[in-house]
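Heads up, there are several structures right after this.
In the two complexes that follow, chain A is the common piece, with chain B as its partner first and chain C second.
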Partner chain A sequence: METLKIYATLALLSVRARMEYKASFLLFLVAIFFFYLAQLGLLIVVLARFKEIHGWRTGEIAFLFGLATFSQGFTTLFFNALVNFDQMLIQGEFDRTLVRPLSPLGQVVFSRFEASTVAHFFLGTAALYYGAKYSGIEWSLKKDLFLPFVIVGGVMIQSATRLAVSAVAFWTLRNSSLVHIVVFSSREFILYPVSIYNHGVQFFLTFLFPIAFVNFYPAQYFLDKTGENLFHPALQMATPLVGAILFALSLYVWKRGIGHYQSSGS
Partner chain B sequence: MRYHLGMAYTIEAQNLVKTFTVNESGKGLLGAVKALFSTKKRIVHAVENVSFGIRQGEFVGYVGENGAGKSTTIKILTGILVPTGGVARVNGVVPYENRRDNSKNIGVVFGQRTQLWWDLPVRESFEILRVIYRVSKGDFDAMMARLTKGLGLDGLMEMPVRKLSLGQRMRCDIAASLVHRPTVLFLDEPTIGLDVLAKENIRSFLRELNGKDGTTIILTTHDMNDIEQLCKRLIILDKGRVIHDGPTEELKKRFPHDKIIEVDFESELASLPLVPELEPIRREGKKMWLRHAHDSSGLALAIGKLASLYPVKDLSVREPSVEIIIRSIYEKTAALPGYAPVEKAAK
Partner chain C sequence: MNLAVFGKFAAVSFQKEITYRFDYFMAVLNGFLYIFVFTALWRALYAQGAGAGGFSAAGITAYAIMAMAIRISFSMDDTTIAIKVRDGSIATDLIRPVSFFMMNMAQCAGFSAFHTLARGVPILIFSIFLFKVDIPFTARGTALGLLSLVMGYLILFMLNYLFGLIAFWIIEVFPFQLMKYGLLNLLGGSVIPVDLFPASMKPFLALLPFQHIFYTPAAILIGHATPERALVMLTEQAAWVGIMGAASLLFWNAAKSRLVIQGG
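Presenting the complex of A and B:
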């Protein structure tokens, strides 16, 4: 409890520090909004033309978009600081977190807490709400209960990829291009049903870089999609498990990374 | 004094080794691309078998040239780096294995970078440190009153850190490292880039902290005045090894008859002066430092010779400073009387 209070104080302080630069803060908000709008716009254009993508109708695609955007928004809200983590290493700022009686990861996350990422969260929530509404899901008690698990699982998968990719910087020092590919560009893959890709890509997104579990597999379950089982039907229920495993793995990589940390000169 | 197994030390370094692997990268874009595919790696031995023991209340200078391994040692002792070999202990805690426990006992100042929140008033940084270290309000207020007085922080508390001068910032940084009353303080170049007055302020505060509170302090610095005025003990590091460890006074006594002659020549000399009694130790443009290592009776004669042979503009004779002594140790490590590699004595 005490620890939570400390992190909240850290976060609050970093928000206050950020507010020293109000114009930059507002510009960032506007940029986030247009980023999502542009992605959604592209999807709408494609759907207006083709009516459906590989058997997925507009509402269903909206639900896919909603799940992906929500988990990304929620992840960004907390793990935004990791995007520029390599800079913290290069400038030696990370040293400081190792000489304080708090978890280094907690300090990285909350001492660079970016309040404007709340926009990601709200846009993600809106996308999920409307996606669920327009997709014509037939809700049942089982689905109601499963939804929060899917969301937590999806957030864990996305957080885990961010954390693992950031931890690579402990070995390579610079990793911003890797972060941008894995964290941002990978999102493009799951805006569409994974079934449209060839087998190699499907395999990759399911077993090697399993972001298909963020939205595609659980969406199959919620939308009662049958007839296009990839690999195994059980995968539709696997999101929470995959999330937990990936998150544990990424924490392990992070811990190993700290042990390998070389610090910077001087 | 050095390191003896079985003694009770506040800070222990036992055969510390730290090697870094550096990827060799060539120059320019092509070199960078090549480096991506090559497995050429260079191993840098930053610290090689460093041992020392520091007792409660000692004030130790830890010096050496750039790249000698000072900061690496400090980073191991503070828990930032994991050593490749050997063991470190601070208050009985292995810092890199138990970072949290270690961090409660130690204060750390890195002169090159601040630990304060850059965009916020100084007061906020202290307040958050109070929260992070779980210091009670009463203890905090008492400590802040002391720090404010000792380091002259009046009037700085409401200023954003980014608007502080370097000297002001450093004083705040030192205060910030002491909010939780650590018993051990690591200072990595705390006086770098400061003016004389700011340095003097900081020195007198540190002297008091060490004297009154008995805080154990390790100080790395390039400023020999810091060493002479503060550190009763000096550990000198060269190329990752301890080449000297002993009382600062003792070091001076090793050269009891030495005099250092600082000479300003009219013009830069093409060759070194050829007065056999005077040994050149350092040279900066027209300025030169010469050592007279014999008893002082021959000193006047030697200076006379020098002045008659070369265009001397100005000249002063002084006791060797610790800096000069250290420099001469670097230059002839092996020849130094009393030098021996750090040995471990049996209990």
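Presenting the complex of A and C:
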């Protein structure tokens, strides 16, 4: 309980520090919003011309975009500090967290809460709402209950990949190019239905780097997309399980990393 | 600035890029990742509606690979000006007996030369074989295409330069850079060729320089633009080089008089 209170204080402080420069914060918010809107613009141009992507119509693509963006919002909220984690190591900032009687990961996470992620939530919610409405999802109790699990699972998958690549820095110190490719470039894959890729890439996105579970497989379930099962229909329900396993694995990698870590000395 | 000095600046930034081998392999992987995504996307889309925008299924694949190779070759470090303004090291640049604009261009050219030779060209050649792309290279098309590449590069460089100069007014330039990336992705042609935009948007696109960065050189190099069309596009590109050049000069003069070096 005491620990939770400390984390809450840390999180609040980091949000307040961010809000201190209001104009700068607002500008940043507008910029993020603009950036994702431009990304959405690409999809809109493609859909205006071709009407659908591999059998996925506009509403369904919006639903995909919504799931990815919404869960990315939560991931960024908690784990944004990890994007520049190698800098924390190189500058010795991380060492401070090791001498305090709190989990180092907890301190890293809660001392860099990223408030600007409201942009993700706004766009993600809008896309989910629009997508659900225009693709005519038939909601049922089972689907209602499953949605939060899918979001949490998606957040855990994305967080796990961030945590694992950040932990690489414990061994190599520099990892910014790896972070870039895993965190930002990989998003490009799941903006489109995974069924457009060849089998090798589908296998990769399902079993080796399973970000297809963030949006593609659960979207198949919600949208009742039958007839394009990639490996097994059960995968459509697997997001929470995959998330839990990956997150546990990445925590293990992180712990091993801290065990291996020797300060850079600066 | 004479050519020897230009070459020296370029060589130093070329050298710097060689140093980080791990980053290099990751960047190559990143390039292929994008090519895989977009060739798959176009394959799916053209299976349902071939001929859109005047491309065949094979033609759009060639375009996607060429445009991505150009984008990779045009890699630049667009953070240097902002960092120099922030930490005050820009003062040293100002007392150098060389033009700030030319010095930046030389550094960018060295940086991009490395990414062209080490990433852009190998990825292009490898992808042509991997995806069995047939690009009808002609002497005339290639010559015009190379000219267009140089102008596209100049436009992108000056765009980055102008956005970098914002740092003289607002220290926090990252939000502006982010908006620039958004526009460049959407309108530059590295993902979607301008032909596929709705007709109603094209007059609006012509008011902006973005399509002349990746689209124009790629369309000319793969022979998508007819020879007559290519000449028109090159003329428009040249006009944009002039406009951006004038803007760079104006903004630099305004920025210089704004500069306050923070002590420290």
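We adopt the following convention: the second predicted complex is superposed on the first by the 260 of 266 C-alpha atoms of A that agree within 3 Å, B and C clash if a C-alpha of one lies under 4 Å from a C-alpha of the other, contacts with A are read in each partner's own complex, and residues count from 1 in each chain.
Basically, contacts are C-beta pairs under 8 Å (C-beta built on N, C-alpha and C of every residue); 3 or more make two chains touch, one makes a residue touch a chain.
All values reported here derive from a predicted model rather than from experimental measurement.
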Practice task
Look at A:E2 in the shared chain and tell me whether it touches chain B only, chain C only, both, or neither; answer first, second, both or neither.
Solution key: first
Exercise for the section: Please indicate which partner A:V45 is in contact with in the superposed arrangement: first for chain B, second for chain C, both, or neither. Expected result: second
Exercise for the section: In the overlay, answer first, second, both or neither for which of chain B and chain C A:Y261 touches. Expected result: first
Exercise for the section: Could you let me know whether more residues of chain A are touched by chain B or by chain C? Expected result: C
Problem - chain A residues within the chain C interface of the complex - result: 24, 27-28, 30-32, 34-39, 41-42, 45-46, 48-54, 172, 174, 176-178, 180-181, 185-186, 188-189, 192, 196-198, 201
Exercise for the section: Show which residues of chain B lie in contact with chain A when the two form their complex. Expected result: 20, 71, 75, 78-82, 99-104, 106, 108, 110, 112-113, 115, 117-120, 124, 128, 131-134, 160
Fill in the blank from the handout: The residues of chain C that touch chain A in their complex are 20, 22-23, 26-27, 29-30, 33-34, 36-37, 40-41, 43-45, 48-49, 52-53, 172, 174-176, 178-179, 181-183, 185-186, 191-192, 196-198
Handout entry: Interfacial residue positions of chain A with respect to chain B in the complex
Key = 2, 5-6, 9-10, 13-14, 16-18, 20-21, 91-93, 95-96, 98-102, 259, 261-263, 265-266
